[in-house]
Each structure stands twice: as C-alpha cells, then as structure tokens.
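In what follows, structures are represented as structure tokens.
Shared between the two complexes below is subunit A, which pairs with subunit B and subunit C, respectively.
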Partner chain A sequence: MKRKLIFADFFRNNGALMGSILIGLVAFWLIVLVILPQISMLDYSFRFNLPPAEQGGPKDVYTLSNYQHLIYGSDETHQSFNTIDLMVFLRTIVAAIMVTIFDIILCYPLAYFLGQARGMGMARLLVVLLIIPYWVNEILRAFALRIIFGDGGLINEALMLLHLTSEPIDFIRHDIALYAGLGYAYILLMLFPMYNVIESLDRNQIEAARDLGASWTRIHRRIVIPHAKPGIASGSTMVFMLSAGALATPQILGGPSSLWFTQLVYQWFNNSLNWQQGAAYAIVLLVATITIVMTIMKIFRVNMGDIGK
Partner chain B sequence: MSTGVAVDLENVWIKFGDFVAVREANVNIKGGDFFSFLGPSGCGKTTILRAISGFLDPSEGHVRIGGRDMAGIGPNKRPTALIFQNLALFPLMKIWENISFSMEVRGASAAERRKRADELLDMVALGGQGDKLPSELSGGQKQRVAIARALCANPDVLLLDEPLSALDLKLRQHMRTELREIQQRVGITFIYITHDQGEALTMSDNVAVMKAGVIDQIGSGKEIYDAPATPFVASFVGENNVFRGKIRSIDGTRATIETNRSGVLTAEITPAQRGKMAVGDAAMLFVRPEALTLAEGGTDTGNTISAKVVNEEFEGNTFSVFLEGDGAKPIKMSLPNTGQTRIAERGKPLTLHINPQTTVIMPAGELASD
Partner chain C sequence: MKSPIVSRIALGLYFIIFFGYLMGPLLVMSVSAFNSPSFPSASPWECFTFEWFSVLWHDRHIREGIYYSVIIGLGTVILSVSMGLAASIVLTQISARLRSVYYTMIIAPILIPGVVIGISTLVFWDRVGRFLGAGEGSLLDGLFHNGLFLTILGQSSFIASYAMLVFVARLQRFDPGLTEAALDLGASHTQAFRKILLPFLRPAIASASVLAFLASFENYNTTTFTIVDYKTLTTVLAQKVRLGINPSISALAFAIITLTILVALASEAYRRAAQRKEAVWQGKVARPAARLWPAWLRGNPAAILFVLLSFTIIVAFGVAQRYSPAQCKIAAREAKQAEIQRSIEELRARRQEEAPQAPAPTTDTAPAGSGAFGNVFAPGNLPGAPAPEPAPEPAPAPDAPANGAFGNVFAPGNLTTGGDN
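Let's turn to the complex of A and B:
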C-alpha cells in the first residue's frame, strides 16, 4: 500500500512541473550517462576485435571468446586455465575484501568515539588529520606513501632506529604499501557513514544496556553494531567497489610482480587496443563485485534501502 | 522476589566543573519505600538518579545501597534498574528480547528468557505482544515494557526518571495507580523523579523537594503539604497565598506578623523553622486556599483579611474564588460545595478568616515562581 504512494507523494511535495523536471533529469542521468555506456560496453564484450574495415561485416558476430580468454587464455582447446589472469582476478577480489575489513576495524572505534563519546578532542583532531591529506590529489598521495614505505623511507628508518629490523623491509614487494594505500584512499568513505549512524544512536540505549548489566562487548554486539549496520554496509560497499576498481593506487604502490585486475583491463584497452577484451574483463569485475556485495548484504540482512540512510 | 533495600545518600555533592548540580544531599530512603524527588526542571533530579544508578560518581560523599558503599561499582554491577525518561527501549529487538535483555546478559537460555518475558508481559497486561517491535506499541504500552524490562533484572531498587511525562493526562493518571500497585506487589524500593507535585503526592510514601541542587525538605506528602519547611516548598507544592511582612511577636510555636498589605495576622511557625525566628525578622505567611473561610457576620476573631470578589469558578466539589485584598493583593480561596448556588457577586467585600492551625509562618525566602 505504502509503496504505491511514493510517486504520488513525490509529485504532491514537489508540484507537477518540478516533479516532472526532477524525474526527467534523473532519468536522463541514468539512461544517457549510466545505462547506455554500460550497454555499449556489454555489447563490445561479446564481439571480436576486428580491424575497422571488417566491423559491421559478416565476421562481426556475437561471441563468448573474450570471456573464454579470461578462463582459458589463448588455449583454443580449453585444456589449461588462464592461471595468471584468474589469479590476478582472485587476488584483487580477496585483497579488496581485506582492505574493506581493515577499514571497518579501523573506522569502527573511531566512529564510535566521535559519535558517542562527544567532546573527545583527540578523536576530532584525528579526523582533521585524516581529512587534510585529501586536499592533496590521489597520485601525489600515492607517491608520498611510496616514499614513506620505501627502503629509506620514514617507516623503515624508524623500524631500524628501534632495532626492530636490521634490513629495510620491502613493503612494496610484499604489497603492504598497496593495501595501506588502498585502505587509506577510501577510509573516509567508511568513516563518515559509520559516524553518521553511530551518532544517531540514542545514548540512553547504551546506558540502558549497561544498566541491565551488559558488558561493553555485548553493548557493541547487541546495540551499537546492529544500529550501525546500514552505515557499515554502505561504507563497506563503497570501499570494496572502489578498491576493487582502483587503478592509480595499484599502479603506483603495487609490487613489481603483482598486478591489480584493473591494470589488466587497462592494458587491454590502452596497450593492446583490444576494447572488446577489455570490456569483457571489466564486466566480469563489475558483475563479480556486485554479486559479492549483494551476497554479503543478504548474509548480514541489510536492505538496499537502508544503505541510502 | 527481593524485598526492598535502603538507599542512603550521605553528604553527596555533584559538580560539573565549577557548576554545583547537587549540594550536600543527605537522604535516607527506607527499604520498600516509594520515594520521590520532586522539583522543577533542571534542579538536579536526574543527576541524583544517575549517581544512584552508577552513571556518575559524586564529587564528594557516599551513595549506599543496602548499607554497601557503591563507590567504584559500575551501573552494570549495582542492584538498581533505571527507567529512562525516554524509556530507551531497544528498537531493533522484539519486545520479549527487550524485556529479557538482563537475562541474556547473564547467559540464560532463549527458552528461559522467553518464559520469564511472557510472565512479565502478563503482569503488565501486555500478554501476547512479545513478538512485536517497540515501534508497534503505543506510548502507554512502551511504558509498561520499560517497567517489565527493568523488573526482569530483579533489582533491589527501581529508579524511574519522569517515566510518565510523555503520556497524555488520562494515561498518566492511570499509570500512577498502576505503578503504585506494581510497587506494592513487588515490594522493592522505588525511587521516582518528577516535576509534577500531584504525581509525587499521590504515589509516594516520602518525597524530597529539591530546588537548584538543594534538597529543601524530606517528608511524607502530608507533612510537606501541611508543614512546608521553606517558602520554596510552600509555593511549589500545592497552591498557597503568600503574605509578606515582619514578625511582631512570638508566642511559643505561634507568631504574629505585621503584613505589608493585609494587617496583622497570627499563625503557627512551620515546625522546621521553630526557634529560628526572632521579632523583627522578615517573614512570610502561607495560607492554603482551603484554609480561608468566610467570617460569619460579627464574629471577627481578629485573624481576618478583607477582600473583594473578582471572579469565581465552580469546580464541582469546590468553588474557587479569586479575590483582591487591600493594596490589590490577589487572593485565592477554595470553598467546599455544600449546595449553595454561588459564593458572592463580583465586587462584594468579604471578610476572610484564616485558620491559624493550618497556616504557616516562616522566614522570608525565594518562592517557586520567582
């Protein structure tokens, strides 16, 4: 019953003209800027990479070969797997999940202190310190991290000074710099939605639970986290999607032997000029990330609508 | 069922920075008492309750529950349960989970918790509502869930922070009776906070009246009404006509004061102030509207004031008569309805007799409406 009234209410609140204009703009944005480009990419991904002369000709038919290439490589017999690309794909997904989890763990206490233990001067300062670096552009930030994590960088210097290590640790090769860079790149997208929901939690709820004998662990498990779930979900979705789809950070901070899946996509588009293959890879990434997000939301019983909160 | 335990505040001071929210509170609450803190908003009632429940520590002094000093014992370890002003039900938990949360904390099985929650739901007349969410209940029902949730923790002391303030008048009156019944049934100590004097008087065994962090008086509702200790209590609890003046003479427990506008009047010195007043002191005389009577013609006993009728309101069991004394002093009189059609027409001069037994004199001080 309620659902049917959404549009009627929308028009009543905004007026017929303004309502139509708003809906028209949203429709334009969705169709022209989101759906159409994606459809043409989808179309590309099912076509052969033909020289311009043959495009639209008899050879220009739909094919699954671009997708098969990800799984079997150039092996026409489909006997052996394209282990290299598949590993890159898997590693990208797993690493993006790890980065997301890392950000959740890092942001939750911070968001809690900011949202509930008001007047925590320290926490506020920390947020300012987190935001200011965002004035610097992404590439510069990534290079700065590269320097910090480098052989003669701040971190290695400090570790050696404290005699925690005798040799500089190769943070770049071990991808630690990459994970730190990605985690840091999107940390605010995790922090703010979490902070918003935690801030909206009535402090009396926490005190009521405490009064009824609950330990802090239980208060977080039963009161704060369930309340914060939509915020955690929307933060996680953004961090995961953006990490999996990041390009600049992996390019700059990735180890020499490790590739991010987006780098493969980029290579197909840019170096090999094979847009069809690139489109297929990109769509696999898109579908995989969406599927993962949906599955996890289902497991944790978060509704799509809650995310917008 | 636990029987009530005593709660004692011993020289409790609570400060927020330089601001003193509670000053030198000394209160002894008997086990099983229905005890109210009554005072206007912002006078420190919630602060006292939070000190008893353990959410804040007194800056000075001791809180004892059942004789045990509570210093350093957190709210989750005290034998108290607090009902918050806004109830603070857990919106994402079902009603039965809300009620049995304290059992969940102690590790009780789901079946046990459900059973106890259903018992408590029956007790607060909400049987069968256990599977709903708090948002699906009405204000009065939520109120009862909050009570059930607090009682489920088997507290020795139940603390209630203006729990009825959000309800409409009718429900509020109904819940007063219900709360009182529940208290008598479970027999534990109830500490109740309110700014509504009617609520405090009707429900409580004993009341502490507070003003700006200071407890002015502790006593039964009747004691506080009949023998207020300070001008603040006299003017905050119930209605009172105030006559300001100077003490002219003192005779035992009685004093005679020369009022500013209404002549010389005699009454009892309020018990709490006896022996503390001297001739010439600024004083106040408080007359309840029902302590004023019409002096029958010719029988002027001396303790009278003259006034003109401004208006009268018929209130069923009583007539409220609004008068103007000498010097335009507003006076309210309340007369029982004994079948008379009206008291007097507008503008009629009347002589009002003051019953010295139920009228009190005390040193001048701050009034509640100042």
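Let's turn to the complex of A and C:
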C-alpha cells in the first residue's frame, strides 16, 4: 500500500510521460542489465554441462557438482581437496588485500600533502601529472612494467651494474612484477578519494591540535585519519575489488606457473567451454569479495553511501 | 618532525619514489618506442628510429580494434548516460526510507568484478535467446550472440553507475523551485524537463559522456567475455602483449600519452584564458594591448606549452619522413654479428665434430613485403634465448621514403652467417 503511494507521488511530480521514461530506464538497467543476468548466472552455476541436445531433458537437473569441483576436485584426481584451485583462490584474496594496504600506505602522505596545499600552483600541476597515467590503458601500463621487469629490463640491468646480483632476477616468475603491476594499476583510485576527503578538512583543526601540544603522529591518528576514513574506505574498496577481479594484469605480468582466480574463470569459459563451471567460480569470487568488503566496512563503521564520493 | 631538514629530505625522497613508480614505467615504455631492437627494451640503446610508428600505422588488427572500440564506446555513452541520468533524477525524488536501499542498488554494479558482469551478460542473453525460441541463425539469435550488442549492454550496466555519480554531484545544486515555477506557469512536464533541467545538466552530461566513453574504451575484463568474435582495441592489445610483441605497442602508448598531455594542456589553457577574460571583463586587469603575441598566450604557461608541444610533434613528423637509421643499424648489426660469430666459434671449438645446430636462415624465406619485420627474422635474433615470436601479422611495408633501411635484411652480412652453418 505504501509502495503504491510512492509511485503515485512520483508520477504526479514528473508527469505520466517523463515518469514512465525515467522509471523505465532505471528498471531496464537494474532488472535487465544487472539483476536478471546475475540470477541466470547463479542458475547456470547449479547445472551440469550438457550437450545442447540434452538441455531441458531429464538429465538437466540442479546440482552442486560445480562447487564441489572447486573444493574437492574432480573424481579422477582422487585427492581429498582441490588444492590447486583453492590455493589460487586464497592467493588472489590475500594478495589483493596486501596490494590494497600497500596502496593506502603509499598514497596517504601524498593525499595529505595535496589536500593541505590547496590552491598552490605546484599542487595543481601534480594533480594534472597524476591524471596522465590514469588515461593510459591498463594493458599498456602492465606492458610498461613488463619492459622494466623483464630479463634484460631496466631493473635487472641496474642491479647488475651495481653488482648487487650476478644473474638477472626473474621478477615475473616470482610474481613481484604482478604485485607491482596491480598496485600500479589502481593506485590513483586510492589517491583521489583520499585527496578529496582530506581537502575538505579544516586546517584550523590541525593548527589547534598543534598549539595544544599534540604530537605529529597524534594529530594524524586523532584528526586526519578519522576525517579521511570515508575516503580511505572508498579507495580501499575500489582497489581491493578491482585487483581481486583483475584479468589483464595477471595475464600479462603473472608468472607462468601461478594463476589468478579470474584466469581460472577465463579458462573454464574460453578453453574448456564449460560455462557452468566458470559461472560457479565467478559466483564464488563475487560472494567472497563482497563479503570481505562488507565485513571490513562494518568493522570500520563506514556506510555504503560513502563509496563513490 | 624532529628537524625541518630531515623531514624535508624525507618528503622529497617520498615524492621521488611515488612519481618514479607512477611515471617511470611510462617513460621507459616511451623510450622503447624509439629504440630499434625488435623486442621492446630501453636499456641497450641501439638506434633511434621511427619505424615502430609506421608498423603501428599499418597494423590492420589495431585499426579494426579501434574502429569497433569507437562504435561500442558511442553505444555505451548513449545507453549509460541516459540510464545514469534517469537513476540520478529518481534518487533525488525517492523517499528517505527507500533511499539507502536504492543507492546501494545503483552503486553496486561498480563493485561487481568486470569478469562477473561479462559472464552474466553472456549467459543471460544466451538464455533469453533460447527462451524466445530463436533458432540457430535467426535474426534474434544473431543479435543475442552479437559481440557488439552484448558488449554495449555489459559495459553500460556498470558505466551507468559512474555516469550517475557525475549527475548526482550536479543535481545537488539544482533548485527544484525552478521546475515548479515552470509547471505553475503552464509548462508540461516534458517541457519543464527539456527547458529547465536539461540545460542545467548540460555540463554534467558532457563530462559523463567523456567519462563513459573513456571507461568503455579502456575496458577489458567485461569485453573479453562479451565480445565473442569481434575485437576491440583492448582485446587486440592484450593478445599482442601476451603472444608476440614488438615496440609498435610502445609507440601506441607513446601516442596516447602525448595525446593525453595535449588535451590536459589545452583544457588548462582554456581555463586560464577564460579566467583572464573574466578578470578583464570585471575590470580587475587592464585589457592587454595588442602586441607581438596573441593575447591568449600571455601569462598562460599551459597555452605556451601546448603550442610548443604541437610544434615539436609537427617537426618530428617532418623529420620522420626523411630520417632513416640505416647506417646506425648496419653498424649495430655488424657488432652483434661479430659477437655471435665469436660465440659460435667457441661453441664449435667445444663441440668439435658436432656442428652447432644453428637455426636455418629464414632470411631467404621472409616475404619481401614484410619490411620492418624482416629484422625479426634476422639471424642475429635467433640464437638469443627468448626468441621473439614471429610478430603477429606482418604489416604491409611501411612508407617508401623512410625504409631504405629494410633492404639490409638481405645484405651480404646476413647471408654469410647463414651460409656458414
């Protein structure tokens, strides 16, 4: 009953034509483009991978086997757990968290500096400088790191020139290149929300705290960080979700023996042509990442409304 | 904060690290676009060359990719901007109780991993096609498995959220009283929307469109699933980078970086000029007298830089038409060959009887038209451990004037090496 009233209000405010166009567009977006695809993917993940002739037939029933495959592996391997895929999953999540923390630490000082030096020509120039790498394609950025980290790349050459190492270090095999690349790819999504929030902090608060004898660390712990919390949360959420869901960077910079979880999904879809299995893995990724983000937001008491500011 | 000098140094060091991390890779990549070795690298500097730009220009796959990327980008802009606009208008009118639920729903697509969006779109439309009973090869079936259609829908589903954020920021400053006044004066709702709200939102529509286009152009995670048998620039690039690479990709990156800097400078220059005009108009600054320099250049470092950079690019174009690194390349190849010869001899001495199984000379078989790629097949590259993959799709020979150098693939020096083995 309440719902109907809201709709009636809405149409009275906007007129019949505009009201239905607006509602229609939003409904198309949310229902047809977002909700229904997710539901059908969920549905897919509970089905067997059948040849087209048997689809809809008696064998087309719901099953948990796709999820069992992630945990226990296929029947042929006779292992108690599917250690390979589970390790990939765990590594993806842990590495994404580490990348996020790395980006927070690296960005905070600069965000503070830029946010407090408002109006200075230098700060403006820095912001313009920061935008340049942002518009360069993710793939090209990963490629740039590959040039640097390669066997004959700049870093190995420099290390050998300084006699720190005699053999070139295989950064790609050890995944150092991958972690550096992920941190690099999304660092600006951490910086800009933090900068926006810190910019709105009243300078007088810091001055007052300093006059009252607060130490430098205390000012940050008690004033700047609490104020910047929504920005940090927003940036962390973006960086974590994007690095856990990254596909291009691991494909380009990942070592030959180690995979990212999205690469498993990609393989199920494009190499094995087993969409059902791929959908199940994608659901696991989606649920896991969203759960982690929600938990952390709850712990740090941040609202959903702070995201995207 | 122990002493100002120490903290100054620490701050400077931190800045160097941060910007080194951010800019260093791009710088190295840009340098490698002008280096002649066929595997992109900056450090063993060989010869300054423009050939990778001409390879890039003649690459059919990249051209096609850009073409489809633009089509998809335009479709995504239209769909996502209108959906984002509608969603933001609804957000301003929705009751407080529903507001947070609704906001969570329209912001959530940003947080869904792109891979998941791609898969769900693909799966859903496949299902819709089957539900509607669209047979193999029918019109609907073709549409629902069409890469362009799927990619536009998949990308719009989350790019609309970005557009929505832009509109929400602008709508916060809108005075709903204006619309009410128009309605009171007898305008219809549609008229009020078109004459009041839309003009107010015009800047936001422009920036949301740019944002949406760029986000669509850059997208890889969703596109790689939904594109099916088409290709976009990003999927072509990803394929090239994963398989064989040559510095033409660096050349592309360099072009993008230059373009970005140009646009950034232009918008900064425009902003300054507008500010100045405003100041003159308000009488704060004296109207500049006409002199040697046009008025918009003075006191506007961004505009000066813009002009200088454009000038440099034009000059570089001119030079590139004439410049040919032939001499330098011959020298570099000879030096390399001498080294290879030496190592082969060493190997030969060690193995005595067993003649080293050096790879057969591919020089003779290399198609005469493959121009710049001839170097890939030069024997000098083959014994090296990471033999570059044969460059994908040899491009047609670059422009005639610049490539007198490429005939050297067949220079006697190369052939004798082959003949020795």
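In this text, the second predicted complex is superposed on the first by the 263 of 309 C-alpha atoms of A that agree within 3 Å, B and C clash if a C-alpha of one lies under 4 Å from a C-alpha of the other, contacts with A are read in each partner's own complex, and residues count from 1 in each chain.
As a convention for this text, a contact is a pair of C-beta atoms (placed from the backbone, for glycine too) under 8 Å apart; a residue touches a chain by one contact, two chains touch by 3 or more.
In this text the structure is predicted, and so the values were computed from the model without any measurement.
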Overlay on subunit A: subunit C relative to subunit B, clash or fit: fit
Which superposed partner A:40 touches (first subunit B, second subunit C, both, neither): second
Partner, of subunit C and subunit B, that touches more residues belonging to subunit A: C
Contacts of A:132 with subunit B and subunit C, given as first, second, both or neither: second
First (subunit B), second (subunit C), both or neither touched by A:123: neither
First (subunit B), second (subunit C), both or neither touched by A:182: neither
Which of subunit B and subunit C A:211 touches, first, second, both or neither: first
First, second, both or neither for A:302, with subunit B first and subunit C second: neither
Subunit B versus subunit C as contact partner of A:141, first or second or both or neither: second
Subunit B versus subunit C as contact partner of A:241, first or second or both or neither: second
Smallest separation in angstrom, by C-alpha atoms, between subunit B and subunit C in the superposition: 10
Subunit A residues contacted in one complex by subunit B, in the other by subunit C: 215
Of all residues in subunit B, those that touch subunit A in their complex: 53-55, 74-77, 80-82, 84-86, 88-90, 92-93, 101-102, 104-106, 149, 153
Sites on subunit C touched by subunit A in the complex: 1, 11, 14-15, 18-19, 21-26, 28-29, 32, 40-44, 82-83, 85-87, 89-90, 93-95, 98, 100, 103-117, 119-124, 127, 130, 153, 156-157, 160-161, 165, 188-190, 193, 214, 218, 220-221, 224-225, 233-234, 237-238, 241-242, 245, 249-250, 252-253, 256-257, 260-261, 264, 268, 386
Residue ranges of subunit A in contact with subunit B within the complex: 202, 204-205, 207-215, 218, 222-223, 226-227
Residues of subunit A that touch subunit C when the two form their complex: 6, 10, 13-19, 21-23, 25-26, 28-30, 33-34, 36-38, 40-41, 44, 55, 106, 109-110, 113, 128-133, 135-148, 150-154, 157, 184, 187, 215-216, 237-238, 241-242, 244-248, 251-252, 262, 265-266, 269, 275, 278-279, 282-283, 285-286, 289-290, 293, 303-305, 307-308
